[in-house]
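Before anything else, here's the structure in question.
Chain lettering (A, B, C and D) follows the sequence in which the chains are written, and residue indices restart at 1 in each chain.
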Amino acid sequence: MLVALKKNLAETEKQDVIAKIENMGFLVHLIEGTNKLVLGGNKNTGSFDPRKIKVIDGVLDVHKITTPYTLAGKEYREDNTVIKIDDVTIGGKQLSIMAGPCSVESEEQIFRIAKIVAENGVKILRGGAFKPRSSPYSFQGLGEQGLKYLRAAADEYGLKVITEILQNQHIEMVYKYTDIFQVGARNMQNFALLKDLSTTNKPVMIKRGISATVEELLMSAEYILAGGNPNVILCERGIRTFEKYTKHTFDLSSIPVIKDKTHLPVIADPSHAAAIRRYVPPMALAAVASGSDGLMLEIHDEPEKALSDGPQALLPNQFGELLNSAKEIAMVVGRSL
Amino acid sequence: MLVALKKNLAETEKQDVIAKIENMGFLVHLIEGTNKLVLGGNKNTGSFDPRKIKVIDGVLDVHKITTPYTLAGKEYREDNTVIKIDDVTIGGKQLSIMAGPCSVESEEQIFRIAKIVAENGVKILRGGAFKPRSSPYSFQGLGEQGLKYLRAAADEYGLKVITEILQNQHIEMVYKYTDIFQVGARNMQNFALLKDLSTTNKPVMIKRGISATVEELLMSAEYILAGGNPNVILCERGIRTFEKYTKHTFDLSSIPVIKDKTHLPVIADPSHAAAIRRYVPPMALAAVASGSDGLMLEIHDEPEKALSDGPQALLPNQFGELLNSAKEIAMVVGRSL
Amino acid sequence: MLVALKKNLAETEKQDVIAKIENMGFLVHLIEGTNKLVLGGNKNTGSFDPRKIKVIDGVLDVHKITTPYTLAGKEYREDNTVIKIDDVTIGGKQLSIMAGPCSVESEEQIFRIAKIVAENGVKILRGGAFKPRSSPYSFQGLGEQGLKYLRAAADEYGLKVITEILQNQHIEMVYKYTDIFQVGARNMQNFALLKDLSTTNKPVMIKRGISATVEELLMSAEYILAGGNPNVILCERGIRTFEKYTKHTFDLSSIPVIKDKTHLPVIADPSHAAAIRRYVPPMALAAVASGSDGLMLEIHDEPEKALSDGPQALLPNQFGELLNSAKEIAMVVGRSL
Amino acid sequence: MLVALKKNLAETEKQDVIAKIENMGFLVHLIEGTNKLVLGGNKNTGSFDPRKIKVIDGVLDVHKITTPYTLAGKEYREDNTVIKIDDVTIGGKQLSIMAGPCSVESEEQIFRIAKIVAENGVKILRGGAFKPRSSPYSFQGLGEQGLKYLRAAADEYGLKVITEILQNQHIEMVYKYTDIFQVGARNMQNFALLKDLSTTNKPVMIKRGISATVEELLMSAEYILAGGNPNVILCERGIRTFEKYTKHTFDLSSIPVIKDKTHLPVIADPSHAAAIRRYVPPMALAAVASGSDGLMLEIHDEPEKALSDGPQALLPNQFGELLNSAKEIAMVVGRSL
């Protein structure tokens, strides 16, 4: 931490400030010829609240210079984390595609769509059984019955499953059916949920909150890592901005930044950001070009009948065409699909 | 809902669009001499996804015109909701003050501060026992032991208690100690938690999420109301903006808006927005002037030793002075304290 | 500036980084026992781009610790700037009220409203003759003719004038009619305009841009001050956020922050933030309670006929009542009106 | 426009509201069986302020349903605008690359860089002679001398020129040296400047303001089009969000949206959004994949000596490699380079 003192502070006032800071457990270095202090020696600087120093009389400003996360950082681990679920890998040279409907709506629907997913060479099936909806009057998902259909459909077609977990009490139940836990954007800072997920042995994909910074996303990953679960996947799915023509602004600049700051894999979800079908393919291709480790895509064979988010679901033929183009772009940037 | 069609649509194309919309269960009125449709007759317009219509060929744009909340709105209930907990009321002419430390840190600490709260004529004691922290390495609260201290201190000084609830499994436990459940900003859209709280018989105060709109806050209130719990309190505590000199931007314009849109009481929490002690009093007075139904204030007698948020806690003497000024301003705007 | 180096850097690599930074004209202090450097001795740190250091191999992060403004800061001048225009002062104990219509629409209109302004004891008349409108098809103001009406009306009722200046070529013309130049939010970073205004001898009020930080507002003030014009007034008029029920979010937390950082006076304009008449009075009172040095208010005697922003204009009787309440609140916070 | 009335309005009250709205020049249709009105027949709905209706007693809400721009919209012109400057086209199948230094710093520098630009097959040279800087103490550009160097360097290597215009008085002077006027993000709503540019016969590229919506960008384009200049180019260069690891958030989702809404070409500028060299190439490739009509790129052969924005400038070899990859991606999405 670096502390700037006010100008024209008398020597005794300066010593006073230093004494107060030393009492907080810091080693204080006064930079000769300046009115600036560098603090060291406190083992908890990551979680220390710099305002404790800011309110001391004589202090002008305080600057934190340690990154608040440790285990998620490149300094902790240089080579990329590659997550393996049997023969499926996430974070390696090959891009990971996760596809399926927004919600599991019926046994027939998820079997039909799982078939399309598998026929396109995709290995991970997505589908929600518990849906967080802003209105209490909207469809809330099929619950455990939906999970059963999802697992059965995935097994029928040799797919892995990713599905959203909404609350701590459901962890044991969802664990039985899924291969990857998905934490939604609204729960990115539901620390109680993150803590309990940190003790399971299945991978967790955390979606970035709609107004969260990348640093905050990495802090949420740190919760999982600190609890002992090394298999964390990050997901960019769009942030809230003033733009009105898209539901969210797909922050693709976050992809190279995340690859620069952490060893964890990052997946891009263009469906939720664009929210309108025709904007999804260009955004998916852009995500691959930007260096994303994979894509999460919503598809539906009868989107006009979908119980949630039908308008953003790709049609089966669009999905196939998109994967072909994505494959070509992947090669341009040194990846495969 | 209002649907604008593209210009120069042939009559048969127009009829086609109308047929598709009617199939969704709507009554469609074509406004003569225009290319606009008004939809009615569907009982679920509140939760209907307008993009389902937006993706139909020939449709230019769709506008939703129903407010998505019902029970929280002024049209549902004209006179203000006044919540009573024994002799304490929230939402009436008299302002409600909720004060106390950020965290319960020890039995001594909460008893000392409860005494200060009571001596200043304040009737509701705040204090956190479960703390949501962005770093897994920060102090996370004393847990149930903290709740016991908080209840005991409140009882000793004749105070009511408000404290934060972080997860569904804790509801039963927290219920034993608190008078009001507080849902924090990060959990404003933790719908699983809101649903379970909607079935208790104790008031729930929901803090506005840091990037939430007032409409979304009212939708979260709707979750509680729809579940059968009429005693919801709203809380403005600052939103995230680009401004860097304050931790959050205290959105005081939301206060008259909330009073205009809903019958529910709204409390202002200037401590979290300002985040620096010296900015709290002017913001608290401004909140009273803007028409807030009360204030939530963090106070501490030894803020330099506080385990969380000490720099934003008011000192006991500042607290007393602030209440005096707030009382005078309350009178100017037709309230009392 | 503070530079954090990467961990495990060899001694020669460290010396390499230091040499590169010294070549940029800095004195480099290595903090013993750490991998951090403090830079000094460069006279242009305020305008130095820290990314020049960030891209050096071996550098982890760079932190700027100097405030970028000088003349606008409290360290440059401790006592508040009080601006005098004949017998009218801005920035002293007494609050300054600036009131009038959004646009000057006709000679009759501005004379009628100037009379109302004067009758309420207010000393500064506002009114726009050049209007920045987002649509080229909207009313763009009466131009110089409007300025003539405005000046005549002000003179008739013994008022001072504030009016907006849109472009450099108009400075000479507007100078003839106004007492205070107003730079609108959209032009806060029109540096060409600020530079030319810095050489006039009339006060300049700069409105904060809708997504500007307080620091950026102070940097724009610095442009005027650096050019030799000490009479700068700042104005908070609302910022863009995600909230939809208000046009802008009135950032009242900026008021105590601005009073803390600078000696310049700050005026609050609640009309543009609220944008709906009934939200203006509570916001105006809140602004006074928060420590604002004055208010800018839009009023109109026939708002339904106004050519711009009628719906946010206060009616004459509302205006009088508001001033009465504002006076009482001013007294509570140690000011007068 | 659509007007929702309050529930339970008496018939006479309803007629009252209708009469008031008719007095504003609208034809009012009451939708049978509802409390909603559709307004038509007023020729100025694009610039009509809906709040004028919102403040009428009995009105619940007002919804504007016309897009505010006309000439910029796809409904006005279906086929894309292709701008031709001699043999250079912008907006056709071939992508347009604009490259060069942030600032023109000296005759030697711009000649050296123009040579690199030309050697890479690029046809448009960028370079700033008037720089808008947030600090009055930063380098402000070489002025007209810089324009002379820029033009001479472009002519030497057979390139077209794009350069920024900061104020109305400079239009005539800049016109002499440039092929395309660039309006920077800070001036996107400098309507006085846009109006004067609308009467020149050279193309104008407008950069999106850092907190502007796409609709506002199109309204600024409308200013140029309405004044008679059909050659407008739009530019996405990043918007302000809460993310701190990048200077701005490059809003690539705006690209397919802009292509959907308007016939005007759109260029992506990844240098200003990323602001750090190593993030520029992935963002540039993503822009091509998203459907952008071209790229604006900052390059420098000695970025460590650059007077502005050196850290975001690509090195000559990076520039060449990037163009190669961009070419391959262009082909995947049906374009050429």
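One rule holds for everything that comes next: a contact is a pair of C-beta atoms (placed from the backbone, for glycine too) under 8 Å apart; a residue touches a chain by one contact, two chains touch by 3 or more.
These figures come from a predicted structure and were not determined experimentally.
Chains that touch both chain A and chain B are the following: C, D.
For chain pairs A-D and A-C, the one joined by more C-beta pairs in contact is A-D. Once the centre of each chain is set as its mean CA position, chain A and chain C turn out to be 38 Å apart. Our note on geometry: chain C versus chain D, Cα centroid distance of 26 Å, whole angstroms.
Distance between chain A and chain D, defined via averaged C-alpha coordinates, is recorded as 31 Å.
In chain D, the residues touching two or more other chains are 211, 240, 242. Chain contacts here are complete: no pair of chains fails to touch. Residues 211-215, 238-239, 241-246, 249-257, 260-261, 273-274, 278-279, 282-283, 285-291, 325, 328-329, 332-333 of chain C are the ones that touch chain B when the two sit in their complex. Listing the residues of chain D that touch chain B in their complex gives 2, 4, 6-7, 29, 31-34, 36, 38, 40, 61, 63, 65, 67, 75, 240, 242. Considering their complex, residues 44, 46-47, 49, 51-52, 54-55, 68, 130, 132-139, 166-169, 186-187, 189-193, 195, 210-211, 216, 219, 222-223, 226-227, 240, 275-277, 303-304, 308-312 of chain A touch chain B.
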